[in-house]
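To keep things clear, I will list the structure first and then write my remarks on it.
By written order: A, B and C. Residues from 1 in each chain.
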Amino acid sequence: MLEFEAVYRKPGNTLFRHLLGTDPFDWWAGRYYVGLWGVVSMLFTLIGVAVLFTAVGQYGDWDLWRANVHAPLREYGLGFSPFLDGGAWEVVVICATGAFVSWLLREVDICRKLEMGYHVPLMFGFAISAWVTLQIIRPLWMGCWCEGFDLSFTGHLTWVSNTGFRYQNFYLNPFHALGVTGFFLTAMVLAMHGSAILGTYNTSKNPVQEEANVDNFWRDYIGYSIGEYGIHWLGFWLAIFTLVVSDLCILTSGTIFYDWVEFWQFQHLPAFWLH
Amino acid sequence: MNIKRLLGPLVIVCTLALAGVAQPLLDTARAAGPEKPVTGNNSPLGVGHFDRNPADAEKGYGPVDQAAPMDFSTQNANVPKTYVPGKLYNVQVLKQYSYATLLNQMNYYTQSLGVQCTYCHNVANFAYDTPTKKISRTMQIMSNQVASGWIDPVKKDYPNYSVSGAVGCVTCHRGAPRMAVKWNIVPVAYLDYKAKTTKQAGYVVNSMYSASKSLGVNCLFCHNTADFVSLQYYPTNKIAHRMWAMVDKINHQYLPANVKAVTCYTCHQGAKWPQALVTAGLDQTPVEAHASHPAVHENPGAHLASGVAH
Amino acid sequence: MATVINRPIAMPPVQHPDPSPMDDADLLGVRIGEPFRVPFLKRFGVDTQLGTLWLGTWGVLSVMLFLAGVGVQILGGLTLVNGDLGAYAHYLFNIQLLPPDGLGPAKSLAEGGFWQINTALFAGSVLCWAGRCYERLMRYHWRPYLFFAYLSAILLSATIWVFRPLLMGTWAEAPAMGLNGDLDWAQNFSVLWGNLYYNPWHMLAIFFLFGSTMLWGMHGATILATSAEGSHHEVAEIKDMHSGSHKSMLFWRWVMGFNANPKTIHDWIWWFSVGVVVSSAIGIITTGTFVNDWYVWGVDHGIVAQYGDMTRDAVNQRPVPLDITVNMSMPRP
């Protein structure tokens, strides 16, 4: 345990206990908090990994990069498919989703224990939304599980490539463009924040001067200093924006729009300022 | 309720409404003026759209001037000065055809191109050569070559990717002497070589996009995008290679110099297989059947086929 | 029980920077404008003071070069539409200035001259901004982390626009100047060089990129969640941790068995964000020089399934009858 940890390790305050008055898993295993949701998450993980390894073993290729548990074939639509023709994929996706969601709920429990805001599980929820959108919502909307991506290292890259070209030029998807902008902006702002802290901690005996140095630099450099709280607010919301827009980019492809080059022809509508 | 907060959205809505109202008015104003050409070929601006212009009568490619005096000195030296109806003179490409079959073929030309006899012939002397008549010979040779040299081999090699029906004049012309030109971004010039730089790859990608729109498919129809260059195993990819070679040949060998390039769209017009096919090579349907068909425009050559002097 | 969205705490009072000999030595050393407050921003918890902005010689040079570049871009674009402003606005996204072929100066403005001028202007602008960055960092006695981060970003741009075209022997390998032009370059580059998804540095770069967003989500959320206890005063917390930092660290320790501290988390985020651009730069510079076709490279190194396993057609995933053999020996550029 860390030197200050003991005082924070208090039983109680979890969701389960709040609802049902008792929580049989409310304890720590070493440094890890267990909790009911930890057990559920572990179970999902073990089942999913077992199925994954079984499928990979039956396909025959154990190479870490090449191994491929592929999505169901189109002919099975939204139903269940035979194990090696996509059934394994379906089981692993269900287990993975279950594991992610219970991990999220475990984080909620820990937030409650530590009496902090729920920002972290909220953020994780948005991250899960990307997985769920890709593997569950979009296939449901498009009417077949085959639209999900293969569970494979290079296999899922091939899926990304093929899906992009399926809609002619995915770079012209405006949501994709916004998402890419979001990702790069996030990286840039992250570098700025990391540099700010790493560049100024322990540089001066005067803590007020240290903080002022940060503000004054940013005001000189770009005319605005967002503040210590503000930068974290910005990073938080930039990440959420990026994830939401990315979800939209894949959700609209193949459902509402089929050709992102064609999409931009709408600009040929009221162009009354031409000629 | 703070009215000032509504001002912004109100301004936006009004602007949009104004645009919607003004647009048709401006359209009518614009319709009076001449059409400005839109760039398309090779342009970094991207796709160009051209509309069919059947009334386009550029020099040498419009209907023959029937009033112009006939000149028998140079290229028409072997043509009889007096034309006798019912006899064949100066037939070069369709040499083996009988009179009736030849007239059927002429009929087919007029319907496929949506023209009258006067488009190619001086009707005082049908044997007299005109620029459009000479082009039609090239076109017929081309049509034969396309069918026997490219389409038939594809059908033989890939029976699962073929439909019955033959390519003919109507497949490209579709009832107009000048064909629909669309998706003609950088056709074949750049496919004579392999792209060496990313910039050149861009031109090829543009061509590929125009091909995919011409067929109404996406990239995955021919490609596995894991590697465009080396993965060329789909049958559609193989067929496409032949088609590109064919289009290249047509553009370089058969077309008049100032005609816009033929591309995939010319025949396919947005479908995987061209919709306008003739059933079996030449159209052999008797003339009478054409005349009685209500949908077909009046057979311009009927009175000639019956042998009646005009 | 803590609420989801914490109220932001009060901002410390504004301080104007102390005078400094570096500020005085600069020819254009002036802070423009008076700072003013935008109270609306308080509801987001961000600082409400806007301004002042430091001009500085480097900054002025940078902005002037940038504006000149924008001017050349617009001028060059107008030549593509024959001066028609309406058409320019209509085709705004598609207007692009293409680079010339070969390595020398372009034959004419239209055939790559505009591109070359533009590249030089924007390069100058970016480098002047780096000078501004370094100069301001030194004036405020910062360690130069920001400068090196910015330098690595410049490294990526320079790799794409300058170093790699030089290595490949032609400017035509560089992106065109334009909105869709840049996007098209990304597509064309990947198509020509065998699909960049199989480039391991591309994979690393994406790992760092998504990882950066993930870390930002984690760090931002953690600080916001514990800000009621002052965890956002990170510089102070590094010296002396209070309950906010304790909770941040314990949260992650209990969740995943590992935690950073108020200082080392910033090491993580700095290296992840710099890792994005550095991996990308390596990935770009090795394409076309050491590796001609990343898919073939992937197959050779066993990370990609052989074509035999890719016999399912990409959309319908039915087996397709393969025709003849995969043409691995296609002539490469």
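Quick notes
Keep this in mind: a residue touches a chain if its C-beta (ideal position, glycine included) is under 8 Å from a C-beta of that chain, and two chains touch if they have at least 3 such contacts.
Please read all numbers here as calculations on a predicted model, not as lab measurements.
Contacts between chains leave no pair untouched here, as each chain touches all the others.
Taking the mean of each chain's C-alpha atoms, the chain whose centre lies closest to the overall C-alpha mean is C. With centres taken as mean Cα positions, chain C sits 47 Å from chain B.
Averaged Cα coordinates give chain A a centre that lies 21 Å from the centre of chain C. Our note on geometry: chain A versus chain B, Cα centroid distance of 51 Å, whole angstroms. Of all residues in chain A, those touching 2 or more other chains are 158, 161-162, 166, 169, 275, listed in ascending order. Counting only residues that touch two or more partner chains, chain C has 180, 184, 187, 195, 197-198, 304, 310, 314-315. Residues of chain B in contact with two or more other chains: 220, 224-226. Listed in rising order, the residues of chain A touching chain B in the complex are 158, 161-162, 164-169, 258-259, 261-262, 270, 272, 275.
The part of chain B that touches chain A in the complex is made up of residues 19-20, 22-23, 26, 30, 33, 36, 47, 209, 212-213, 218-220, 223-226.
The residues of chain B lying in touch with chain C in their complex are 43-46, 194-202, 204-205, 220, 224-235, 237-238.
Per the touch definition, chain C reaches chain B in the complex via residues 80-81, 91, 94-99, 101, 168, 170, 172-176, 178, 180-181, 184-185, 187-189, 191-192, 194-195, 197-198, 293, 295-296, 304, 307, 310, 313-315, 320-328, 330-333. Residues 2, 4-5, 8, 13, 28, 30-33, 61, 63, 65-66, 68, 70-71, 73-75, 106-107, 110-112, 114-120, 122-124, 126-127, 146, 153-155, 157-158, 160-162, 166, 169, 171-172, 177, 182-184, 186-204, 207-208, 210-217, 219-230, 232-236, 238-240, 242-243, 264, 267, 271, 273-275 of chain A touch chain C in their complex.
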